[in-house]
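Look at the two complexes coming up: chain A is in both, with chain B in one and chain C in the other.
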Partner chain A sequence: MYKYDSYDQAMVDARVEEFRDQARRRLEGKLTEDQFKPLRLMNGLYLQLHAYMLRVAIPYGTLDSRQMHALADIAEKYDRGYGHFTTRQNIQYNWIRLEEAADILADLAKVEMHAIQTSGNCIRNISSDHFAGAAADEVADPRPYAELLRQWSSFHPEFSYLPRKFKIAVIASDTDRAAMRLHDIGIQIVQNEAGELGAAFYVGGGMGRTPMIAPCINSFVPLDQLVTYSEACLRVYNRYGRRDNKYKARIKILVHELGAEEYTRQVEEEFAHLLDQGVEPPLAELERIKAYFEDPLFEAGTPETIDRSDPDFALWVDRNTVPHKEAGYVAAVISLKPVGGIPGDATAEQMRLMADLAKDYSFDELRVMHTQNVVLPHVRKADLHALWTALDEAGLGSPNLDTIEDIIACPGLDYCSLANARSIPIAQKISERFAETGKTATLGQLKLKISGCINACGHHHAGHIGILGVDRKGVENYQLLLGGSEAEDVSLAKITGPGFDENGIVDAVETVTSVYERERQDGERFLDTYRRIGMNPFKEALYG
Partner chain B sequence: MAETLRYRDDEPVDHPAVTVDSFLDQSNASAVRIEPGDDARALLPHLERLALVEVNFPAFGDGRGYSSARILREAGYDGELRAVGDVLVDQLAYMRRCGFDAFEPDQQLDMDDVDAAFARWPEVYQTAADARTPIWAKRHA
Partner chain C sequence: MRLLTGNDLKTGAVTWWTGSDWSIHVEDAADVTGGEDEIARREEAARRVNSPYAVDAEMHEGSPRPSHIKERVRALGPTVRPDLTLKPADPDIGNWVI
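Moving on to the complex of A and B:
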């Protein structure tokens, strides 16, 4: 994985000192809260309902055991002994004191980590495929491109006061495991007929109150124009994105209002101009970064067979491991979704255990998934039983990847000051209900996503089943949505009808899954059945 | 009125800047003020008669002026480029990178903080409108 050189380290260290100085000036009253707010946000510091929250970047979701140990130490030293992995492959700490924030950033800098631009109206942490470097279907490892763009976007002098936040995802396979088309810019590294790599740009996707699927604006940007093209996309947005209304300020609204064609025309014009401005690093820089992402030394001839005599282990293998490009290996998913637990939370001890297991079994590498789980990307099949045994003892062995228990949920009203309703207790109740009835097993792949308000941090628009918390005359109420997908078959979910109360929504989820069980044909997922039969049968079952 | 910070050796222009519309109407004006919604490219045919461009920041969070500045510098404008309005110490370093060489803040800035802001970044990751060499160029020098 990528390692800082002295330049990268100097930049991160300078940022820590800058923030220390800003926090001091804030505490001395030289900066007003209004002036300080965007500065702290650009260092990941949010003010929540009860305390400050710090969001730490995990660029493209990749980290090593030393870094995971540091995250555990921070959870213990500055927080309440746990952290929360987010849908953008970051980690959040919920109980932070402003006075200590600079010290945390300094601790992070020691292990080549930071909280730079994890919030604010700037280019955010760049996300990627959590199986990068392990997946058999990728044309290249997408992470070097993400790292190139991370450096370009860090402390960008022109694009730090954008109309609104800006999220970029990079993938390199036709299977989309990063919700690429629901980002402000989604980049897919592709191969053309001549065998050359290039980048397809999808611009103007997003969730929030106006969900949109990004159109492709350029299907092949050569790799030696990647930064220049990105710069052109951003400049058009910075100049013409709406600033009169915060809810219309994302790039998706600009692309929608101009039309994809006109936006593309403006980008191409700006791009033609920028080509002469020397903003593109040489390809040698990309090659330098790529060298850090070489395959680890996989062992040839390691056994393909797995002893499945323990049924609990066999179930976990079936559900939580994913085929690998290398014979004898799998990618193993550590579920952070124990039945009745808080999706994405991990204690400091659990983080340390995951770190140690990564060191023992996965070439010292971990990944954070946007579905709030953790991956050990390169595990020998021969090591799986030992790995599972250790995970299971620590409460990390839930065999529920991609099942209805593998719920994405935003922090909701338990933490978030923007929330209309709680998300976490709904997730807990649903996973408990389905685990109790044993239906989890029979439903197969079913992606359920919950947001506590219309901002959609819990990706409810992209859930096979989505739940949106709303406020109805001061009472928490939940709308049900069906038919969304964030994958390569991307679609936006539709609302079923009137909302439900806290218990009613759990029953409603059960009702729609019963319709699926009744109607499904061979091999269909919930989403496939919904697409075939449409909304009506579900509506009838729900509202009669 | 706060003091104007100038990082140029020439004499300041002594007449007031006019709006973009009046600038385009008058053939003798040499100082213009750009508002966030103005298109900086409208000035490009007239760069040779310009000695001062003020870019107004009515609110520091509106970042359009950064693009305006870079566009002017990219087109070869080498007169004074002055950020005016809600110009705060924590935005100075990025403004400088985008080509501003004068600052006329609404509120007086603490000069120690200003010096610290300009000395903050040991390196830069990108090419911009200043002369700094980006990290990638140093890596492959």
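Moving on to the complex of A and C:
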């Protein structure tokens, strides 16, 4: 994985000292909160419901064990012993003291991490496929391109005050595991008929209060023009994106209002202008970055067979491991979704265990998934039982990847000052209900996503089943949505009808799964059945 | 009644104006109806509180209870982590919030 060079380290170290001075001046009263707020936000420090919250960037979700240990140490030393992995592949700490925030950033800098651009109207942490470098179906490892864009976008002087925040995802396979088309820019590394690699650009997607699926504006940008084309996309947005209304300021609104064709025309015009401006870094830089992402030394001839005599282990293997490009290996998913637990939360002890297991079994690498789980990307099949045993003993062995128990949930009203309703208790009740009834297994793949407000951090628009918490005259109310997907078959979920209270929404979810069980045909997922039979049978069952 | 709340500048902890000082316990909060703007200005200028604002509340079993659930969650702590709330030993505290 990528290692900082002296420039990276100097930039991050300088930012720590700059922030230390800013925080000191705020504490001494030399800066007002209005003056300080944009400065702290540029370093990922929010003032949330109970305390300051620090969001730490995990570029494209990739970590090594040293970094995961540092995150555990921070949880223990500066917070309350845990952290929350987010849908941007980041981690958040909920109980931070302003007087200690600079010390945390200094600790992060020691392990090549930071919280820069995890907030504010800038290009945020770039996300990617959590199976990058392991997936059998990718045309290339997408992370070098994500890293190149990370370097380009870090402290970019032109794009530090965009009309609104800006999110980029990079993938390199036809299977979309990163919700690519629901980003401001989604980039898919593709291969043309001549065998050359290029980048397909999808621009103007997003969730939030106005969900949109990004249209493809260019199906093949040569990779030696990747940064220049990205710059052109951003320039047009920076110039014409609305700054008068924050609810209409995202690029999706600009692309929608201009029309994809006109937006593309303007991007191409800007791109032509930029081509001879020297924006693109030399290819040698990309090659330098690529060298950090070379395959680890996989062991040839490692056994393909797995002893499945322990049924609990066999179930975990079936549910939580996915095929690897290398024979004898799998990618193993560590579920952070125990039944009745808080999706995405991990204690310091659990983080340390995951770090140690990565070192022992996965070439010292971990990935944070946008679905709030953690991946060990390169595990020998021969090591799986030992790995599972260690995970299970620590409460990390839940066999529920992509099931109805594997719920994405934002922090909601339990932690977030923007939220209108609590998300986590709903996730807890649903996972408990389905574990109790034993229906989890029979439902197969069913992606359920919960947001506590219209900002959609819990991706409710993209859930096979989505839940949106709203405030109805001071009382929590939950809308039910069906039919969303953030995968390659991307679609936006539709609201079923009137909302439900806290217990009613759990019953409603069970009701729609019963309709699916009644109506499904061979091999159909919940989403497939919904798409075939439409909303009405579900509405009929819910509302009569 | 109206309560004045904000966050401690150094720690970020939720605090409530008691009439003479700031407390992390909402039951110590005083009614500030009519005086909230002046107190907020003065206390923020002295850096004894960060981003103060007033909220509606009612008296409930002898103590003030914010009217909106968001403020009740703020006052107590996350409902999903009773061990981290201000009253981890009170089994009925969930009813106060919800």
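By our rule, the second predicted complex is superposed on the first by the 544 of 544 C-alpha atoms of A that agree within 3 Å, B and C clash if a C-alpha of one lies under 4 Å from a C-alpha of the other, contacts with A are read in each partner's own complex, and residues count from 1 in each chain.
Following the convention adopted for this analysis, a residue touches a chain if its C-beta (ideal position, glycine included) is under 8 Å from a C-beta of that chain, and two chains touch if they have at least 3 such contacts.
Keep in mind that this is a model prediction, so the values were computed, not measured.
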Which partner, chain B or chain C, touches the larger number of chain A residues? B
Once chain A of both complexes is superposed, is A:Glu33 in touch with chain B (first), chain C (second), both, or neither? second
By the touch definition at the top of the document, which applies to A:Asp522: first (chain B), second (chain C), both, or neither? neither
Which partner does A:Ile342 contact after superposing on A: first (chain B), second (chain C), both, neither? second
Would you check which partner chain A:Asp244 touches, where first means chain B only, second means chain C only, and both and neither mean what they say? neither
Tell me which partner A:Ile424 touches in the superposition: chain B (first), chain C (second), both or neither. second
Looking at A:Phe159, would you say it contacts chain B, chain C, both, or neither? Reply first, second, both or neither. first
After superposition on the shared chain, which partner residues are touched by A:Glu193: those of chain B (first), chain C (second), both, or neither? neither
Please indicate which partner A:Gly278 is in contact with in the superposed arrangement: first for chain B, second for chain C, both, or neither. first
Sort out for me which residues of chain A touch chain B in the complex. 5, 7-8, 10-11, 14, 17-18, 21-22, 25, 30-31, 35, 38-39, 121, 151-152, 154-162, 235, 238-239, 243, 273, 277-279, 281-282, 284-285, 288
Would you pull the chain C residues touching chain A in the complex into a rising list? 7, 9-14, 44, 47, 50-51, 67-70, 73-74, 77-81, 84
Interface residues, chain B side, partner chain A - complex: 36, 60-64, 66-67, 70, 74, 88, 90-91, 93-95, 97-98, 110, 113, 116, 120-128, 134-140
Chain C partner contacts - residues on chain A that touch it in the complex: 26-27, 29, 33, 47-52, 80, 95-99, 342, 413-415, 417, 419, 422, 424-425, 428, 474-476
